[in-house]
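The following block contains the structure, expressed as structure tokens.
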Amino acid sequence: NDGSGPGGDGRDSIEIGALSIVDTAPVHLARSLGFFAEQGIDAKITTVQGGAYSSSGVVSGQFDFGFSNTTTLLTAREQGLPLKAVANGVASTGRAGPGKDYSAVLVPKGSAIKSAKDLPGHKIAVNQLKNIGDTTIRAAVRRAGGDPEKLEFTEIPLPDMPAALAAGRVDAIWTVEPFQTQAIDQGAHEVCWPFAEATDDLTVAMYFTSEKLLREKPDLVKRFTAAVNQALAHARTHPEAVREELGKYTKIPPAVIRRIVLPKWPTEINRPSVQAIADFARKDGVLSRPADVGALLP
Amino acid sequence: MSTARKGWDGAARKRPAGPLRRAGLRLLRVLGLPVLLILGWWAYSSAGLTFYLPTPGRVATAFAKVWFSARITEDVLPSVGRLLTGYALAGLLGIGLGVAIGSSRTLRAAAEPVLEFFRAVPPPVLVPLIMLLAGLDTAMKVLVIVSGCVWPVLLNTVEGVRAVDEVLDDTGRCFGLRGAARLRHLVLPAASPQIMAGLRQALSIGIILMVIGEMFASTSGLGHTVVLFQRGFAIPEMWSGIVVLGLLGFGLSVAFRAVERRILAWHLARGEERGRHA
Amino acid sequence: MLEITGLGKVYEGRGGVEALRKIDFRVADGDLVCVVGPSGCGKTTLLKCLAGLLTPTTGEVRVAGRRVTGPPPGMAVVFQEYGRSLFPWMTVRKNVELPLREKKVPAPRRRELVEEALSAVGLAGAAAAHPWQLSGGMQQRVAIARAIAYEPQVLLMDEPFAAVDAQTRAELEDLLLTLWQRLGVTTLLVTHDIDEAVYLGRRVIVLSSAPTVVQEDLPIDLPAARDQITTRSAPRFAELRAHVYAQIKQAKTGVPGGEAPAR
Amino acid sequence: MSAPRAAGLGLLGLACLFAVAEAVPRLGLVDPRHLPPATAVLGRLATELGDATLWTALGETLRSWALGLAIACCLAVALGVLIDAVPGLRAATASTIEFLRPIPSVALIPLATLLFGAETGSTLLLVVYAAFWQVLIQVLYGVADVDPVARETARSYRLGRWAHLRHLVWPTALPYVLTGVRLAAAVAFILAVTAELVIGSPGLGLRIQLAQSGGAVTEVYALIVLTGLVGVTVNTAVRAVERRVLAWHPSVRGEAAR
Amino acid sequence: MLEITGLGKVYEGRGGVEALRKIDFRVADGDLVCVVGPSGCGKTTLLKCLAGLLTPTTGEVRVAGRRVTGPPPGMAVVFQEYGRSLFPWMTVRKNVELPLREKKVPAPRRRELVEEALSAVGLAGAAAAHPWQLSGGMQQRVAIARAIAYEPQVLLMDEPFAAVDAQTRAELEDLLLTLWQRLGVTTLLVTHDIDEAVYLGRRVIVLSSAPTVVQEDLPIDLPAARDQITTRSAPRFAELRAHVYAQIKQAKTGVPGGEAPAR
């Protein structure tokens, strides 16, 4: 699907590969509120299972734009994938504390773990190893004065985390909304907020495209960015619209939607936080070279 | 599988003379097609400049770098251990259940829908359930392997047992062949060609499920490594992992064939002797 | 020993083939009965019902007073399809030995029985071969060896000598007679060879063609000790032979006729 | 056994499964929030079935399933027969087949998306790749099982290449092939769902993926039950075909006699 | 028509079984030759070499002057293992018809031939049945029907009447003679039944036991027109019969003896 050709009436149709999770609410809003249409774009959003698939889709030309977390994008860039960030995706609220951020480390009732410092020596579930979860946890632990070397990570898909925690298969889980709220409902509580604790105002994920598209259709990219930015701003100021949209494109039970903590959707990419993530990843061996953050960011 | 050189109608054709020539031909037969395929890959990948399909050269370099290391003992061996355990369990379960189901019409009618039900559930969606019941450790990964490997063995055993020659079965019944002896001397050998077909299928499915099992709740293992490479965009490394999977499959199948030659000796020899011809 | 009462069998395929209509006869303990009849009249079916391998549609079969619902113990069967009744994955020796193991015969005795049986049928040299490496007649002899090594109380044989040459056939016939006399095995033997039926049988049962009933139950009033030369050249033998031949001819054509042979 | 009786027994088996699935969470062996009781799952399935989009999703999945399965079967049978028919081909292909077979389709996803950006193409590639081997191996074993006497008969009457295939090799291999088709049908369906799950092409897999990432546990299980039921249906159909085309085979004719 | 020169065959399994040592004989165009010999002496092996189904270890076989390397055209074979030589997935009619299709016989003629052949062997009613629904004798008759429907130039038969009753056997023998006379088929027939060999054959070839050679090649000097009653009761028939019997006996025991029967 080269997709990006102008439609019959001079409009561009594009395909976006993105996960159907809370984080991507703005791009769905942009479509349903007509922000894309205003920019002369017909957008189709295709659900993928992970950021890696949206990257390969963008490289192969199946997608015109993708949504992926910062670590994945940095890794892709290091391996030579010609990707360019074009808009901010989602950011941490930057506030640590129960009910303050949309991602946290949770432990079961009665756990000895009280804060990031207590995590070393325990088995912690993340959805993907060598990705944003474990690097930010390490950073948070390091900041809190713990020994990140002693952390023990294991992979569990996000949906299965609450059950694994309840069954005592792991000591702690790192998860995001809506599973955070679900786990809390089942008796777990938050002890650490790695996104907020690792660095300030972390840019967790971004929208991106390929260098090819950027070169060939700079105007389309500009219009895409404009539409997304408009949506980000809208999402930030209209949480109710976001929750309503979530009811449409996800299967999160309505009762949960009402209570989940929403992330922050700034329009600007926080460059220092991306650099910080790159440095963490380098330190943890996820990246093998110091990253060229400038090559990725617009 | 028979390795005799046979014509379309099963008639053996003239064999080449000379041990040296024969060895050469054999080598050509084993390596010919793979070499051709690798050449094709080379041509395609060096022309196409595609990120996801690196040249064989790059894959070979990555292979040497990645796999001639501690990974062999840390990732590959434990994976293979789990694979073999799961495979063996699946084999026992498949043959055991298969014989029971194949021998009893009532049991077959009652059990088949349930089994078909489970068979149709994709392992990736079954994994969470297995995780729920069996935890995250080796047991879960072995169970995932069993959950996939058991089907070809089971189905083939059921069909093999159902197809036992009637005269042979009558003979066994008359001479009081019952229970374990009937199983050992009549049912299993009669069904063995089909059971072997199932076991062979299961071998490669086991490898696939080893990877799938290690995609979840894992920190090490061959499958996990391949998936990590894939997610980390280390494409030549990922391909080198796939090559390892292929080599593993090939190695296991060579071993399998050796065992099969022994078990099905009567079957193969019978086919061959009769087929020999002008 | 064997009692067959009102036995009928209808195969369900092909719109219902009535293989046997109504068969009644008894075989006394230690008797030797030969069954003859036109091709396809239901001899094999009768044998399989006796062996408990087929469920009769009507009537019943009793062996030693017990109603047959499955293969009764102590019975050996030689199948018409001898080739298919041998286990191709076993050597000849194993094939003969297997039922003995099942009978829990101790190993040394087993070996003895196997060797004896195989040499009795002239196959001592082929013990290590697989059945598919043997000629048709040899395969048939393996099946016979298996049955006699088993030392059954009841022996059912379906054309057991069809695939061997005349000379071997005569030898095997005499082997059967010797065994029968020595062990007192109740024997039912299906054959096409009228000479053989008269030579071996103490009684010959002639089956009609379909709808199959017992057309004649003929006692063979030849001297108990039989001999290939003298018995077969006895005038009474020729009479009985001719009579059975006429009966089968009649069974085939359906024309009634053929009185019991005059004494 | 009469067809209604067999069907009754089958339903009985499913009922037992249902009872177990109901009892395990109800008795607290597993937290019902992670494994909901069967009634809840079936209730949810009932509501889902009232949703027209579910049927379109199912249709999408079944379409790529059927197409992929058909392609895989044809390719595998053709190749299997060819390998058997051409002298030396079996030996020449053995190493490659054994090497390629264990490569997980899932690992081919990047390649698939690369070659067939369009979604159905990718799904098809994965489905065909996975199902193909199942049938091929069965065909290879099946064609090697021809009765030697039957083969000699065919040769003595000088059956041509085609007649030999059609009248001797094919009927002999057919029971193996049907088992292969049953195996492949499940694998193809699994791959169709998995590909949708991973790549995100529309279909049942996508719905499962959505339900999973939304934490809607009951719905996930409802959809799993649906996939299982599809499997049962497919198997029933293949069994019916088998009863027709294998009526001569001991496995089927034995059921009628005795 | 058939020329067998120095034919030897060693089976490789079991440490090499020498089935045939050195066989030499010829069968003229349109001749009818019966082969007899002890069980396991190599008759089936000989037939398979003739049919091009086995490669001789030494010597060669020629059919119509051409060296046999594969089944020659215009040849029909009836196998000893008749049951397994029928295709279980085809009805009886289809089984008989298949070779004719391969021979590109047009459909109407094909139907005619099949019907004729089946009724000649008395199976007109079983055309729609599958082979495994038939009795042993019926299966064998299907195999015979298939061979005669084929209208071959050369007909090889391996104990084709072993599984049928005496009456049917006589009928089939006469059917074979009629066909042979009408069509002039060169026929080679393996049998155990010495009477049958003498009754049918224009020549009887007696094979020795292993190491197998042609022990005797006996011309049967009975009148060309044969008849079940008169031929079989002719004194010359009895002489020839006794002679062949003695030959086989000798072949089995290996003791030399038995001059050609005096004329």
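Letters A, B, C, D and E name the chains as they come in the text, with residue numbers starting at 1 for each one.
Methods note: a residue touches a chain if its C-beta (ideal position, glycine included) is under 8 Å from a C-beta of that chain, and two chains touch if they have at least 3 such contacts.
In this text the structure is predicted, and so the values were computed from the model without any measurement.
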{"item": "Chain whose average C-alpha position is farthest from subunit E's own", "value": "A"}
{"item": "Two chains sharing the most C-beta contacts", "value": "B-D"}
{"item": "Chain centre separation in whole Å, for subunit C relative to subunit A (CA means)", "value": "83"}
{"item": "Whole-Å separation of chain centres (CA-atom averages), subunit B against subunit D", "value": "17"}
{"item": "Approximate Å spacing (C-alpha centroids) for the pair subunit B, subunit C", "value": "48"}
{"item": "For subunit E, residues contacting two or more additional chains", "value": "11, 13, 52-53, 70, 81, 84, 130"}
{"item": "For subunit A, residues contacting two or more additional chains", "value": "56, 60, 157, 159, 163, 167"}
{"item": "Residues of subunit D engaged with two or more neighbouring chains", "value": "34, 110, 114, 148-149, 152, 155, 159, 197, 212, 220, 249, 253, 257"}
{"item": "Touching residues (chain side subunit C, partner subunit B) in the complex", "value": "48, 51-53, 70-71, 73, 75-77, 79, 81, 84-90, 98-99, 101-103, 130, 132-133, 146, 150"}
{"item": "In the complex with subunit D, residue positions of subunit B that touch it", "value": "1-3, 5-11, 13, 26, 29-34, 37, 50, 52-53, 105-106, 109-114, 116-126, 128-129, 132-133, 151-152, 155-156, 159, 162-166, 193-194, 196-197, 200-201, 203-204, 207-208, 211-212, 215, 223, 226, 230, 235, 238, 241-242, 245-250, 252-254, 270-271, 273-275, 277"}
{"item": "Residues of subunit D defined as touching subunit B within the complex", "value": "1, 5-7, 9-14, 16-17, 30, 34-35, 84-88, 90-96, 98-107, 110-111, 114, 133-134, 137-138, 140-142, 144-146, 148-149, 151-152, 154-155, 159, 161, 164-165, 175-176, 179, 182-183, 186, 189-191, 193-194, 197, 205, 208, 212, 220, 223-224, 227-232, 234-236, 249-252, 254-255, 257"}
{"item": "Touching residues on subunit A, where the partner in the complex is subunit D", "value": "1, 17, 19-21, 46-49, 53, 56-57, 60-62, 157-159, 162-163, 166-167, 178-179, 182, 186, 250-253, 256"}
{"item": "Complex interface listing, subunit C residues touching subunit E", "value": "11, 13-14, 17, 36-40, 42-44, 80-81, 83-84, 128-130, 133-138, 141, 159, 162-169, 192-194, 245, 248-249, 252"}
